[in-house]
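Shared chain: chain A. Partners: chain B in the first complex, chain C in the second.
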Partner chain A sequence: MARLDPKLLRAAVPALSLALLLVAIFIIQPRTMSYFGLNLMLNLALPIAFATMAQLFILTVNDLDLSIGGFVSMVACIAATWLNETPLLGIAALIASIAAYAALGALIHLRNLPSIVVTLGMSFVWLGCAVLLLPSPGGAAPDWLTAIVKFKMPFVPLAIVASAVLGLVVHFGLMRSAGGVVLRASGGNPQAVAKAGWSLLKLKVTMYALAGTFGVLSGLILVGTTTSADANIALRYTLLSIAGVILGGGEFTGGRVSPIGAVLGALTLALVGSLLSFLRISPEWQIGAQGLMLIVVLALRSLVNRFEERAQ
Partner chain B sequence: MTYRAILAASAALSFCLASAAASAQTADKSIALSNNYAGNSWRQAMINSWEEVTGKAVEDGIVGSADAFTTAENSATEQAAQLQNMILQGYDAIVLNSASPTALNGAVKEACDAGITVVSFDGVVTEPCAWRIAVDFKKMGSDQIEYLAERYPDGGKLLEIRGLPGTSVDEEIHAGIVEGVKAHPQFEVVREVQGDWTQTVAQKSVASVLASLPEVVGVVTQGGDGYGAAQAFKAAGREVPTIIMGNRHDELTWWKEQKDANGYETFSQSIAPGVSTLAFWVAQQILDGKDVPKDLVVPTLRIDQDGLAEGLEMTPEGGVTNQEYTQDQAAELISSAQ
Partner chain C sequence: MTTHSQQQRREAMPGSSLQDSLVALSGVTKTFGAVRALAGVDLSVGPGECIGLVGHNGAGKSTLMQILAGTLRPTDGRYDLGGETVALSDVSVSKAQGVGIRCVFQELSLCPNLTATENVRVRHAALSGFGWRKRAAKLLTEALDDIFPGHGISPGATVGDLSLGRRQMVEIAINFIATESSHPRLVILDEPTSSLDQSVASQLLAYARRFVEAGGSIILISHILGDIFSTAGRIVVMRDGAVVADRPASEFDRASLVAAMGHVAEDDEDEALAHAAKARIGEPVVIARPPKQANGAAVSLHRGEIVGLAGLAGHGQTALLRLVQHAAYHRSRLAEVRGRIAFVAGDRQSDGVFPLWSIGENVTIRSLPALSRLGFVSSAREAAMEAEWKDTLKIRTPDMDDNILTLSGGNQQKALFARALGSDAEIIAMDDPMRGVDVGTKREVYERIRKEAGEGRSFLWYTTEFDELLHCDHVYVFREGRIVAELDRGELTEEKVLQSSFDEAAA
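For the complex of A and B:
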């Protein structure tokens, strides 16, 4: 009999926990087992999945991004103001913010700064820009954006299709392509990559630019769903995105990430809240229960880790 | 067995039937409370009032169920997700204290489209399909000047204690005070200090300006800062002017002491945390098929000189004066708004 492959097990944990959660939700609240139900439960998970992917790019190069929540908030504010009123200015601002992200990557690499400090500082800058743009909550999402996000796909909700496409595209780009291998290796073994003649600077800038791009997408989807913005709208995404990557099987170091796992992790985090409210747990306990479920999933992970070590 | 007993029994029975008929419309309806924050005494009192009043309403068969939900963090996206879960749970009405006036509009619209009645209160939402039970903070400001104008027809200088800077509540109360002073030009606000709605902060900032502060007849406040101001005046050895209070327990206790000692006069006002129960009854009335205007204004809970002892009784130690609303009060508010 073949032994369980630890690698397979590691990849299976995020999928299994999501499946378990879904089954529990379907049993408790059968109404969710419909197009309408899945769409409602998952449409706010989609921007979290994109923000998680942005975080994954940063984690791949051994850095940590504490500014993604503030960045997504700022993008949401740009989308609800400039992008709606003067589209050209809005598009220019979004491109400029991606460029700023890339420049951050260069700064962190060239000056050899700790990414946590730089991004923590930047989180205040992004939040400041968001407040300047939208001092009091309001604005309106452009109609075309709302139309895209609220588009009703036949048979399968858009949020599921988009999550699947997101996971698969990044999986093939980062895990299967030649370029992806180099990008990941720049986090796992930078010396070897440098010796092989690759520019670490270029690689880092690429990853930060990718993170910025996915952050922009996350903000656009978010504002399309909520239809208007608030400077504090996505501050929670910083921690959610980190938790999503880790739940999905990623590690803090060594370019060890899993894009499909990260998408599953983000969906799991979003659905935990749904399950708890369907269980009608009293408000005082809801807060603690959410944390408890995360700890359970992470405990499963560390079990798998130990299993892996023993297999080696 | 007497005829009287039978008569009484049948009268009681017919009364039960009548009341059952009155609430039959909503007896199987479920209402949910979506709350974004539970971290201070006002919000705790708000949830407790909700549980008390709705628990009784469920027992009496007026509504089917009334569950309370609070999000883990004060975040708009999390609350939007919570609203969407409530839609799936099939609630008939959602009573909402919102984290943001606009960021929940998408989710609120989805709820309306699913045929759910959404009533927002305190933290209201701008989505047109929802009902709003808003606080008239501006009136809270202008009422203070109105009161002082009655007390001091000749006018005089005033000290203003502001709230937390950058919040809309602070802006609106301040605007009301400015408007009041414009209507009664015999008054002049000579100094503004920042009080953050907190006794200790208010005491410190009032104390720091007292040395250079001319004689004032009154202190206009935003609530939660009156006791601190009084302490500052007392510590400096100055006569305490008329300080408007904000229904906090320490403020009312101090006022009572002064009233008993030297006949000190003022008034006190704030929003009762029990406004959640008002929102509950409004939602119930809407579900009952009543025609309710989309915008309602919460009455402030005002304590005057004569009502002080009663007001103090309604105030838990360390908390804010609370009042739970009844179905009749909600119906009255609705009819007065039409």
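For the complex of A and C:
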């Protein structure tokens, strides 16, 4: 039993999946093994990683956010229009949308509503706002935003550094700090947390506000990369973010999450698309192939879980 | 908080005078909707006291403890903390924790996704800032070493990975931890030894005695009377939401304590109950062995019999019913069932009614195959069945098409009985089905059950009420997931059931 710690194995699965994928990509297309190649592949992965982190906060408190894709799209539209033309209005709109997320958390807690229903409804609200702002694809990202996102770090691409910082910051905030422990506790056993004298409302609002903040960051990075926006630009982020958290070793319930794993999971999902392109699989087949790979990895996860149970 | 009262408390610490109580309740009541859980309770706990609290399931022990710990607000009465009266609307966990009241709840209140150390942090808000993890781990290890020497629990272990007993040990240790801002002065232990093995349990009781000698207070709730006698200085007995005895432990012995808990069955029961034990002949229709049973004992049910499953709540009776139900459709290593089975749920909300359906639909769901032709349900036959059972069980409703939730609890339960009795099942498993049912309904249903049994149906009846066991031909008493006694109708007495429900192996 002591030969292979199942917990270690569980933590290693996301890293191994990503490494395997990278090796495959490097073999098929050796030119990607360069600063430029990695930057190109990972640039589009960074906003997915931020959206995944937003989803992770919601999953930690046993909820599910089906609106993150719509939300990121809306943020992208705000960034490509108001933030560029009238920066003050843009900033106010972004802050207001974070406040709206926090208010949703309060509503879900106070009225004891299923988060799936509330966020599914909100996804249409966000999308509607996005369409109102930007009826047809276009707009322009503020120059400062593009400059930040396209900044060329020496030696290591910005996307890699940013992903690592993202994973580590959330890891220390949520997994190691005293406050983060209470936040996760509210996903593990809410009654116990309430009995210990904490306010579940405050905890949930905090998590939703964090999710809103990371959703805004995701949208900004996305627009900085693409330089223009579209109301449908990030709709697939909803499912990608859920898959990313689960792929990274998180669970749907019980407050069991892993921020570093989630970043790895998000990168893996984003890179699968590149791999499939290199394999010359036409885009029509790519979504299906992505789904299949996801099932394979999740099957692997459940094998690890079973191994864990047997080890106990 | 005046300095005066603090001074009082400090003076009270060395001696244990009852006047300077840590917490005192007088005339406290608590109602949940129409259910009266506490009917005017007086209880005061002074420093350096160990109180043993005993009583049946549903006697109100846990409700009382939740009020003491501040997690429930009393409906009425007086609540004094450290000599000061607290307004009922101000009763809160933090108030109670402020004077050092801690509670080890019956259902574990640890977060399984966190490590033991992290759980310490959740319970003790003062542990934060740089280095909190180290401090929390140190406090926990010290407490564990103090209470359970040789525990072998690593503070970094995830609680979900620990065994039930070890989780309980962590939970107990956390509640005895003293931080800079909060010291435990009264620790409530609600069935603390239920998931601990003998040696660990005695470590805990020894620690509790040391804690009391040092001036702390303990309230110990336990169904193991030996633990109560070995630890408590004063015993409080609860029955039906009220304190019925509150005396020094030395004034009780085992028999008088059991007598104080139970109530003598009234003799006005009709003579139909006085039937003699039937001889058990032929092949049983159900044989089921609890998974934890070490010896060969098994529950057996013969045709036309009513078999009762007794014991304290949650000691494996419901699990056995589920096992039997499962075995009716699948192969099972532990149970053998010959015949079709129907289930009457006791916990209506969670596994009984379909809350969005009509009364009629709730009754017919078990019999739909019998009511349909060519794969379609015949509405005429459905209506006939609904009408028949409305009359038979006297379900009080103007229309069987009304929503099931328009019925009172008792009538909802009748609909669930109709679902089972109206089906083609030969065996009926009942999971304490009379919870919250009024006396009139109960009598009607008892009568019906006896009649059906006379016609050859077999009943497996888990009940927490002793009076209901009088209707059974044969009774099995459960404790900790095992059958500990088997009583025939003739030898059934409340005393015997209680004696076997509570551990006879006094520590």
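Just so it is clear, the second predicted complex is superposed on the first by the 304 of 312 C-alpha atoms of A that agree within 3 Å, B and C clash if a C-alpha of one lies under 4 Å from a C-alpha of the other, contacts with A are read in each partner's own complex, and residues count from 1 in each chain.
The rule is short, and it goes like this: a residue touches a chain if its C-beta (ideal position, glycine included) is under 8 Å from a C-beta of that chain, and two chains touch if they have at least 3 such contacts.
Please read these numbers as outputs of a predicted model, since none were measured by experiment.
J.: With both complexes superposed on chain A, which partner does A:Ala178 reach: first (chain B), second (chain C), both or neither?
T.: A:Ala178 sits against chain C, while chain B stays out of touch.
J.: Between chain B and chain C, which one contacts more residues of chain A in the superposed model?
T.: Looking at chain A, the partner in contact with more of its residues is B.
J.: Does chain B (first) or chain C (second) touch A:Leu267, or do both, or does neither?
T.: Touch partners of A:Leu267: none, neither chain B nor chain C.
J.: Between chain B and chain C, whom does A:Ala234 touch in the aligned arrangement: first, second, both, or neither?
T.: first
J.: Counting only touches as set out at the top, which of chain B and chain C does A:Gly255 meet: first, second, both, neither?
T.: second
J.: What is the contact status of A:Ala192 with respect to chain B (first) and chain C (second): first, second, both, or neither?
T.: In the superposition, A:Ala192 touches chain C alone.
J.: Under the stated touch criterion, which partner chain does A:Ser277 make contact with: chain B (first), chain C (second), both, or neither?
T.: A:Ser277 contacts chain B only, not chain C.
J.: With both complexes superposed on chain A, which partner does A:Thr226 reach: first (chain B), second (chain C), both or neither?
T.: first
J.: Of the partners chain B and chain C, which touch A:Gln29 in the superposed model: first, second, both, neither?
T.: first
J.: Residues on chain A in contact with chain B in one complex and with chain C in the other?
T.: none
J.: Chain B touches which residues of chain A in the complex?
T.: Where chain A meets chain B, its residues are 29, 31-32, 37, 40-41, 43-44, 47, 136-139, 222, 225-230, 232-237, 270, 273-274, 277-278, 280, 282-284, 286-287, 290.
J.: How about chain A: which of its residues touch chain C in the complex?
T.: Those in contact with chain C are residues 7, 176, 178-179, 181-182, 184-185, 187-189, 191-193, 195-198, 254-256, 312.
J.: For the complex, which residues does chain B have touching chain A?
T.: Answer in residue numbers: 35, 38, 47, 67-70, 72-73, 75-78, 80-82, 84-90, 100-107, 109-110, 126, 168.
J.: Can you list the residues on chain C that touch chain A in the complex?
T.: Contacts found on chain C: 69, 71, 92-94, 97, 105, 109-114, 118-119, 121-123, 125, 127-129, 132-133, 158, 160-161.
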